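Across the two complexes that follow, chain A remains constant while its partner is chain B and subsequently chain C.
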Partner chain A sequence: MIMDHHHNTLSDRLTFPEDNRIATGFFAAGILGVVLSLIGMFINTEQFFYSYLTSFTFIASLVLGALFFVMVQHVTRSSWSVVLRRIPETISYQLIWLGLLFIPILFGMEFLYEWTRPERIATDELTRHKLPYLNTPFFIIRNVIYFAVWAALGYWLYKNSIAMDRSGDREIDRRQRIISAPGLLIFAYTVAFASFDWMMSMDSHWFSTMFGVYFFSMSFQAILAVVVVLVLYLFRKGLLTNTINKAHMHDLGALLFGFTVFYAYIAFSQFLLIYYANIPEETLWYYYRFEGSWVFLAYLFLIGRFVIPFVLLIGKKAKTNYRLLMGVSVWIIILQFLEMFWIVMPILHQGSISIHWLDITLLLAFFGISAGLFFRQFAKHSMIPKNDPLLAESLNKH
Partner chain B sequence: MSQNTETVPDNRLVKGDHDFASITKLISDIPQERTPLWWYIAFGVSNIVLAVMIAMVVWLVWEGIGVWGLNNPVGWGWDITNFVWWVGIGHAGTLISAILFLFRQGWRTAINRFAEAMTIFAVMCAGLFPAIHVGRLWTIYWIFPLPNSMQLWPNFNSPLLWDVFAVFTYLVVSTLFWYVGLVPDLATMRDKVKGRISKLVYGTFALGWTGGNRQWQHYEKAYMILAGLATPLVLSVHTIVSFDFAVSIIPGWHTTIFPPYFVAGAVFSGFAMVLSLMIITRKLYGLEDIMTVDHIEKMNIIILVTGNMVGFAYVMEFFIAWYGGVEYEKFAFINRAFGPYAWAYWIMVTCNVVAPQFFWVKKFRRSIALTFALSIVINIGMWFERFVITVTSLAQDFLPSSWGYFSPTYVDVLTYVGTFGLFFTCFLLFLRFLPMVAIAEVKGVMPQADPAYYRSQNGNTKSTDDS
Partner chain C sequence: MSTKDKPFGVLAEFDNPADLMDAAAAVNKAGYKHFDTYSPFPIHGMDDAMGLKPSRLGWIVLAHGIIGLLGGIALQVWSMDLAYPHIISGKPNLNFPAFVPVAFALVILLSAFGAFFGLFKMNRLPKLHNPLFNSDRITKATDDGFFICIEAADPIFSEKQVTAFLKEIGATHTETIPE
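Presenting the complex of A and B:
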């Protein structure tokens, strides 16, 4: 290898500053959200659970997207992403908590999932047909499996990465790949079935083979936006400015652009095939989501989540224009929440968009606690995998 | 503060003791050498097979579609199966040239030229089937929206028409991409060949390339733009092919996962075909230093990934067929697995889902014999996938009284076999007359391409192979 003009040593501080109070701030906001939401639970229980599921799926999609990001980097032995990999690693480490956050949903199943209601089972033939799959015990078993598998993957990949910081043992890097390759396969099936369970089964008659891929496409686009926002936040605090360079941000921007197109491709294909065939069982899902003012959200996703980021990010310069990247990314994250809202909420509020204050407080609770947990964890270790075998190559990316 | 400061040495993409001159010689000598005997034999056989295809097509046009095994419930048989199969194979070339280019995968340089050529010929074979399936080949231009005195327009709501646009666009862009990439190498050929006529022909197609700085800048820009254009095309072609089925309400065809599932399947079969051809060619022409085992391993990983994507789609389809509770949909899938075409279904599952799982093991990924065998197995499996989708859903549809069974006639079989004649005739001509590896691009991924190479020691000492 040729070593002229290359820099191999890290010149930035590697730990998140201890005097940074952002985690505390997020926790405070989160706790405020929790308290308000608990009050709301007694005022409007049904609304509480719908809002809860919306925010849960929003956070889950991001954390799962991060897990996928980390595993793909390992499998492809990517060097470009090494300098920023600790960010998605730390996010996917939060999978150890995700299962706990799901528990409250089990108490709201009769509100959320019509297939759990005895009168529905008694009168509806299709619900009876689906009983071997859609029944509460099996639902719980499945979810225990999903969360256990994800927690194990998120935990291992993170812990191994931290262990490599200390020992620099190359063997760990190989082990990361050995976990990640089957991990991706398991990820595909668990995420698809989880999306069926959490969201698709809310309309118990509706089905779409694409739904798992649709959920994934949204998650991955959104997590790329989250990573962009976090890196740019670190830059603003003067952190890692000599470590993560424009070339890394360009690649992240390019991926965000690519997966914006992928999201549009998947979401539109699903819609078009159902629209074209025009079979009532299938179109009903879109019917509720296009009814009244709900259709504005559908147009917003088409324009806001595809057309606008597509046009803004297509140029080479745009991908290193940090203000633009920040704006587009924050916008995509907001739309990810709104798309979860659009999938979940029309069942409760048919005919027109209705925003309840619980939607806000639960988002605050989920986002505050998750972001707080992230920053608390992020401050514990080096912000980059400082002993990764591909670090030197990553630092020299240009 | 301990921190890793070492660099992991990259595996050399080009093995052996090569420099720029030896790469040029290795590739550009092939079209200048005496035509080997095996080439004449292979070309002769391909020509005979091609003649059979032409005879079958002529017979079909003369006599009508009835010479095929199509019958009343099964109006789409081998024709569409073959069309989708060949179009699918035609996906690897553009994937390798465009998507891997955008992802800056240096290893693509060894195989992109080769795969692009294969793409173009595969799309030609594919295009034949819908064209002859219309029955009246002489009015085939009606598929284009041409103004005419009868105010007759194609049906713009039909994905079959979108297919026409998608496939033609794909063919045009793939050909352009191939040709643009060829220009610097054609210039190399022009400078190398002795004969006056060959110099004139290569020179004409090299468009006056001199290899100047300005030309390279334009070239790089054009190549990047074409890669950007071709990438969505890789997705769009097979997506629209999947729409041919999925927009309908036929059980087993109408399922929302079809677009990405078809694209994954296309890449899967395309890579398998590139491997089949590459493994033979690298041996025949002694290109093992350029198309290395590392390349084969990387391609096998893509096969493993796409094979599992296809498997994922099978599982989703089967699960949702039950979960949806639609009577016909349930039947369609049970019938696929246990009905009269169960044999075809299980061939498909074995070849497409079980077979690629060998590639989890590094030793198998690097085994040339196994790779070759599995690449053939996978393409058999992918043919059966299209057959299963097309025929099982039609043969047993909504009305049991009109159920049928499709059996191919000799015309079906020989037309399909005949397309291999077309494919290999073109492919052998390509191998004989054009540089089959992108000479300039391979040089770009060699250590010598680093501007600092000759300043450091590497230039003076003989480099050793580090694999």
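Presenting the complex of A and C:
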């Protein structure tokens, strides 16, 4: 590493402007969404819980993706990502709130999960066989464990990073790695099982051992898109323009490209095995999701979430074309929501796509509040880990 | 070793990576095209300093990948639907989801061939003799030496001028390498 050559040092302002009203704006939108959704809950309770689960899994996937991103950077001691690490750190800090947002789902379990309904248990032998795992108390215990683990990881990693801003203590950097290495292992299991519990168990007969990886691959592709959007938003505000350079964006773009392929690989592999084996209890899940107009969404994911980003991002120059990166990233985030919608909703609305206004108000509620919390937290501390031992190397990335 | 014959080029040694990078930028700015740098490890930013254009390798790999994709699909359409139409586990003959793994594997295989042989060709391999090894010093490039060699193939090459120029931009040692 040539450190004496064109040595870059921090020259940007490091705090998010306080007069920025974006957090307030998001909170206002979020509260509007909450109020409308609460009205909707009394009008159509079943629809409310399905829409709630859709938006919850959408936000949860982003927040979990961010936690994974942070832990991977620590374990690999990545220098390139130091300048933009505070963004996913702040997002994964939100895992603390995510646990609270899960609680309403517990009140809608009879609508969402057929294995909780006594008449289903009485008449269906296979569901009875799965009762030792699929039962309400164990479901609650598991979810308490998931959120406790994730919240602790997100909280520690964020707080340590902030502490390092103040003290510059290198011991903290070592501690981050000590948390992240087992953290990744625990993350793999908890996220896989959480995806089984939240979404796969909605059809108590269906199972796919790839479902956890499928959920993860979507989440990680989507969080990379979110980080791209946030960095480009900061650029537009004139923030960190001398701190995060084209080389960082190129690497983010390359990761987004790579995990676009990974997503396609996993999503298609899950489909192909089930398609080829053609066993009714497995194919039924896809049957409902290919039925009627739902199949358009399936093709949209194939074309829109793989083919288009793949072709657009394959070139080296494309990865530093900010307009293109922004467009592709926003598109992927929208498709992430639609894919959650496609996983959850065909159970309620068989045969054709049906968008209820509650889908939109609950998305508004979840997205508004999460984005508001993000920007409120982001403005409290430095926008980059300013005393990270690898910061100088990151600033001088080519 | 005689230097009366047409030389291969002039080799100059520099003290450290930073000097080498400055020198490479200066050589590039002076308009030389046929030159290369030698160092024990990759130096970030050297491509820019030398004014190297982005590699064409990506295009070679892309072309091979597309051939693999089309070839893989053509192979399966021909064999499964035209040459040997058999019904297998109740699926249609043109069973595109099932074609994906083979097409995918052929994309990977041909891309890897493209990358490997493309790189081989672009690095001018196999090369049985490299005139640089006429110098004793060049072996330092695998240890602690940082070198630039401006080659005689360059249109504006002149042994005297090049030697003087390299000394001027900070070379600690220069020598003419015979062909």
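Going forward, the second predicted complex is superposed on the first by the 393 of 398 C-alpha atoms of A that agree within 3 Å, B and C clash if a C-alpha of one lies under 4 Å from a C-alpha of the other, contacts with A are read in each partner's own complex, and residues count from 1 in each chain.
Convention: a contact is a pair of C-beta atoms (placed from the backbone, for glycine too) under 8 Å apart; a residue touches a chain by one contact, two chains touch by 3 or more.
Because the structure is a prediction, the values reported are computed rather than measured.
Visitor: Should the superposition on chain A be reported as showing a clash between chain B and chain C, or a fit?
Guide: clash
Visitor: Which partner does A:22 reach: the first (chain B), the second (chain C), both, or neither?
Guide: Touch status of A:22: no partner.
Visitor: On chain A, which partner's contacts cover more residues, chain B's or chain C's?
Guide: B
Visitor: Which partner does A:191 reach: the first (chain B), the second (chain C), both, or neither?
Guide: neither
Visitor: Which partner chains sit in contact with A:84 here, chain B, chain C, both or neither? Use first/second/both/neither.
Guide: It touches nothing on chain B or chain C.
Visitor: So, A:168: does it touch chain B (first), chain C (second), both, or neither?
Guide: first
Visitor: Based on the superposed arrangement, let me know which partner A:276 touches: chain B (first), chain C (second), both, or neither?
Guide: both
Visitor: Is A:388 contacted by the first partner chain B, the second partner chain C, both or neither?
Guide: After superposition on chain A, A:388 lies in contact with chain B alone.
Visitor: Is A:266 in contact with chain B, with chain C, with both, or with neither (first, second, both, neither)?
Guide: The answer is first: A:266 touches chain B but not chain C.
Visitor: If you lay the two complexes on top of each other, which residues of chain A touch chain B in one and chain C in the other?
Guide: Shared contact residues on chain A (touching chain B in one complex, chain C in the other): 1-2, 4, 272, 276.
Visitor: Touching residues of chain A toward chain C in the complex: what are they?
Guide: 1-2, 4-5, 268, 271-272, 275-276, 278, 314-316, 398
Visitor: Given the complex with chain B, which residues does chain A contribute to the contact?
Guide: Within the complex, chain A touches chain B at residues 1-4, 8-10, 14, 126, 129-130, 133, 168, 181, 185, 188-189, 192, 196, 205, 207-213, 254, 261, 265-266, 269-270, 272-274, 276-277, 279, 281, 386-393.
Visitor: Mind listing the chain B positions that touch chain A in their complex?
Guide: Going through chain B, the ones touching chain A are 1-10, 102, 232, 235, 239, 243, 246-249, 254-260, 308, 312-313, 315-317, 320, 323-326, 360, 450, 452-453, 455-456, 458.
Visitor: Tell me, which parts of chain C touch chain A in their complex?
Guide: Those in contact with chain A are residues 17-18, 21, 43-45, 48, 54, 58, 62, 89-90, 97-98, 100-101.
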